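Worksheet: one structure, shown below.
Note that the chains are named A, B, C and D in the order they appear, and that numbering of residues resets to 1 at the start of each chain.
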Amino acid sequence: MLSFESDYIEGAHEKILERLINTNLERLSGYGSDVYCESAKEKIKAACECPKAEIFFISGGTQTNQIVISSLLSSYEGVIAAKTGHISAHEAGAIEYSGHKVLEVPQKDGKLEASELKKYLIDFYADANHEHMVAPGMVYVSHPTEYGTLYSQEELSNISQICREYKIPLYLDGARLSYAIMSEKSDLSLPMIAELCDVFYIGGTKVGALCGEALVFTKNNMPKHFLTIVKQHGALLAKGRLLGIQFDTLFSDNLYFKIGKKADKLAAMLKKAFVDRGYRLFIDSYTNQQFIILHNSDMERLSQNVRFSFWEKYDSEHTVVRFATSFATTEQDIKELEKYL
Amino acid sequence: MLSFESDYIEGAHEKILERLINTNLERLSGYGSDVYCESAKEKIKAACECPKAEIFFISGGTQTNQIVISSLLSSYEGVIAAKTGHISAHEAGAIEYSGHKVLEVPQKDGKLEASELKKYLIDFYADANHEHMVAPGMVYVSHPTEYGTLYSQEELSNISQICREYKIPLYLDGARLSYAIMSEKSDLSLPMIAELCDVFYIGGTKVGALCGEALVFTKNNMPKHFLTIVKQHGALLAKGRLLGIQFDTLFSDNLYFKIGKKADKLAAMLKKAFVDRGYRLFIDSYTNQQFIILHNSDMERLSQNVRFSFWEKYDSEHTVVRFATSFATTEQDIKELEKYL
Amino acid sequence: MLSFESDYIEGAHEKILERLINTNLERLSGYGSDVYCESAKEKIKAACECPKAEIFFISGGTQTNQIVISSLLSSYEGVIAAKTGHISAHEAGAIEYSGHKVLEVPQKDGKLEASELKKYLIDFYADANHEHMVAPGMVYVSHPTEYGTLYSQEELSNISQICREYKIPLYLDGARLSYAIMSEKSDLSLPMIAELCDVFYIGGTKVGALCGEALVFTKNNMPKHFLTIVKQHGALLAKGRLLGIQFDTLFSDNLYFKIGKKADKLAAMLKKAFVDRGYRLFIDSYTNQQFIILHNSDMERLSQNVRFSFWEKYDSEHTVVRFATSFATTEQDIKELEKYL
Amino acid sequence: MLSFESDYIEGAHEKILERLINTNLERLSGYGSDVYCESAKEKIKAACECPKAEIFFISGGTQTNQIVISSLLSSYEGVIAAKTGHISAHEAGAIEYSGHKVLEVPQKDGKLEASELKKYLIDFYADANHEHMVAPGMVYVSHPTEYGTLYSQEELSNISQICREYKIPLYLDGARLSYAIMSEKSDLSLPMIAELCDVFYIGGTKVGALCGEALVFTKNNMPKHFLTIVKQHGALLAKGRLLGIQFDTLFSDNLYFKIGKKADKLAAMLKKAFVDRGYRLFIDSYTNQQFIILHNSDMERLSQNVRFSFWEKYDSEHTVVRFATSFATTEQDIKELEKYL
């Protein structure tokens, strides 16, 4: 069945599969100490233009968020995030499970605004009782956001500057980073992100890998004994090669960026298909996720031929739904969708 | 110096001190197994008209909240509270430290409204992704609230009914319970609270004790091996008598209620003193905490003779401050305050 | 280089890779809700002869141990394990990180003995202070053990019976389960294990998969909302298919068992090669891991041509080293090894 | 009834009660910011001859242990302790609840031996897999031990030196510190302990206070925002004066030391009473706890007139029991006991 349900409905990019096959019987040491992990790290450092970057591969996004946040925060600190941030809403309390409060601030179009961040920090330190409160110890942003929107270079710079002023790290969740960087509206490159953020991750799972995220510490700030910390979270794969080989492939011949660019382009076609037919957008996204407001009867009808994601109720008669493109989406898919609109 | 800084600026009610002296050399077993703990429990059960109540004494409020919430919730559950609830804002992340998210909902006059609670629960279960979210597993209210306001019998009944419909326990933080029950505006008695709530605590620290809260499980729902759980939190006093003797005294001759009544009455006098002189109330409280809006110059001047608590900024020229009465406040104190207004 | 370093030095069994390729572009829902996960679960239930089994796929062993143990224990409970158990020694404190103590008891040949278990339980409940101690809430065994040794049917039955008497679950860590079941010395089948244990996992990572373990609850005892719990630990793969497809393949045509049988047979050849040449065994293993005592000079010399694992110091002149076979080991490998002995 | 059940069966030393009464109506700020806490800290610094010491008052021992250990350790670290250490055995898993493993080593007479400590550390770093293990991040000793025994100056110096060599803090649990320092066999003074340890606590609960322990950081090593950390553990008393006043009294006129000296002396008389009548000692203690081996029939008979603590089974016919003296024990009590022997 035609499906735009998410960007993780297919397996892996064919080049990744090929590479897994070709290296399959090589005998490599475990836990990420193999040559492919090493090679992938070098390629990522180069792509980030950040030679001193320290990189660790982890299998999934929630796990990465939990490990980064809990290992960088002191026990009495929490992490500031937009109320719609993935860690705030959709990680089943993984951050709290590790002992830390997510300090939720209002969002706009899924984004944390520098002005809201500044206000939060000023208010916190002005509060006479702040020693009885959770101290803000980190800032979390997702790029693109959970609504497919993008931070501009100016917006991220402003946030970064506030973080430096308050001496707290800025962490960027790049589960879908390729779709952000390759968006026609993006003015933020990978090296800029590496410069502005203290730590971020380059998402693989949602960009053509079977699983895996590349966590990048940019300021000589990887916690000591990080491998032990990852192990303690149950997140250290014995066959670390699985992640190394995938990222080594994604960062060869710009594959990571090509996947994003193509999916963004198809998402733009998909958006146009809706807009041309008078459907309303919930938000104007320029990445691989598109949020459409459907009349409930249209939603019902369409769902007989196409799979997509329920997002949220809009009003009593309308629903917001999400269509996502991926590495495996084709122009043919969009054309087929158009037939049902 | 004249002080209305809080209701914990003095030691203990004289009857408590007397009792500690008179029992001092009795040789009693430790960890709450002594006769005074037993006697205090019986008196509290009687006062609650809840013969099946199970009671445990703990030294402080944040500790009680952490132990109750973490022991009644499943790991994947969080606790719903008003954004201004003590556990949301002023316990330094003690709930998150124990692994659970505080699910903050909007408040009105410091209270959680039944309508907001219902909306939260309906939205949660309507969300297609709710298995990826923190499940609401308990409702927390404070009575009186952090702003000195009170739930009416109707309001608490409505909240209780929703909790029963969703099969989640209702927990009431009664750090200042006496001041609520004895308020002229209260229509909620201790037995009603025991009936409507699944668990609550009767605060001692802020009602004339040196320390100590009486935790009451009303529905045969005290977690198994609760003593071990309390010990694991580091909260089991070796000399459990210290808590037992104090609560046995507070629940003899209605002392607990007399303390609340007197402090409420003096707080009403204090409020009148301000209102009569044209000062504005931030909120109209009928308990022992009064929140006044002072011009910053008035605040400055007054603070030279009287201690009170900064609460929050009101606007650029005004500040909200708190005046609290306690077991030890006298009419003379109010008269002296009036001289400075 | 010839390597017997571990059973996770190669990628995946070729049939698994084929299957990943053949299903790669099928569009499947995420988080384990796909048809391959369903199919794999049915096959595992059949192999366990346990129709009511509840199964969940998780990427690695430490993660599985942490999730099982923390979700089945009450907060005040710990898990009993042999001092050499994987959770006791080599999981970087993952169990303690989740809040629970590993209650270590003496081991014999890497095994927990029923008599030691019984003694621990009797002593615990005889202790007048046991309410101040961590209650034993689960028993953990690994089969085969960390030393490649096996529980007999009688031994596991005795342990199981004690667990039932004390009403605590028995959990079996089967990271290398195939090598146990298919050992020439084994009298424990998969259905027997499912009968005797309350929960266990069937290891994939070390038996030919890229990653993945199949967690089996056998007594209608999977914790409620287990998917949410797994997500909260950061352990829910978006592309759950990766695990489903692998286990569906492993449990087709007895592949899982064939892998174990072959590796055990090659390990026996390897053992014989050493024994025939007068080398001493540290322990007499009948599974895929062999522990040899090497003179340090032999170890040095051998390591120039063959990779193996340092295990522990034996005495000032000797070292215990481990040789492991895997799905990819060949007879040729053993013959090549013999040349260097 | 005559009782030697523990050193926490009575209330508080009379001087403490007097002081609580005399200061009762003074209006003091909360959370430990009052003048009595300040004064007590100064007196303790002087007694420790450690002007740079940082001191915090906490209500109980288990709580203190949990807070110290979890705030000084990194997440991947554990604490080394004797198998009989209080944190190992009798704190209901409070350390593990905070995420850390207690690394148990063999004990002798309740003590951790420097040689065992050194062996543990050498073996750990020699282990090729130590990155997969819990790193030793602190050493815990109790003085006197749980068996009433004492470290000599040489023994504690040796342990301290090893800790410095490995750059890990040495933490001394002084729940009954006075009884150690004032023992006739002691050659360790309070200033020596402050010099050799990085952090320790001076127990009040078991030395004449109603509750309370004085935690002392000796090397400018109190964790940042420690008040917030204490609050997060639910351990910050609103009426901090309760602890400050008690310790200010204990450290006036050497009261803390006088209490210990007197109780030690009475314990020596008690020991002599048993020894003179041919009873066997389980261990030769020179502090306020005495461990006697009683025939079960003697135990039964004696328990009709005297209370004492069951400690552990000795053999099928004998039991180890504990007799403790306290600030309130009198010579008359010992004489009365003698009548029943």
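We take it that a residue touches a chain if its C-beta (ideal position, glycine included) is under 8 Å from a C-beta of that chain, and two chains touch if they have at least 3 such contacts.
Model, not experiment: these values are computed from the prediction.
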{"item": "Selected pair, greater C-beta contact count between B-D and A-D", "value": "B-D"}
{"item": "Farthest chain (mean CA position) relative to chain D", "value": "A"}
{"item": "Separation of chain A from chain D, taking each centre as the mean of its C-alpha atoms, in whole Å", "value": "50"}
{"item": "Centre-to-centre distance between chain D and chain B (centres being mean Cα positions), rounded to whole Å", "value": "33"}
{"item": "Multi-partner residues of chain B (at least 2 other chains)", "value": "75-76, 91-93, 97, 99, 131-133, 228-229, 231-232"}
{"item": "Touching residues (chain side chain C, partner chain B) in the complex", "value": "70-71, 74-76, 99, 131-133, 135, 223-225, 227-229, 231-232"}
{"item": "Complex contacts: residues of chain B adjacent to chain D", "value": "1, 3, 5-6, 8-12, 14, 17, 20-21, 23-30, 59-67, 91-94, 97, 205-206, 210-211, 228-229, 231-239, 241-242, 307, 328"}
{"item": "Chain A contact footprint on chain B (complex, rising order)", "value": "75-76, 78, 89-93, 96-97, 99-102, 104, 126-129, 131-134, 309-310, 312-313"}
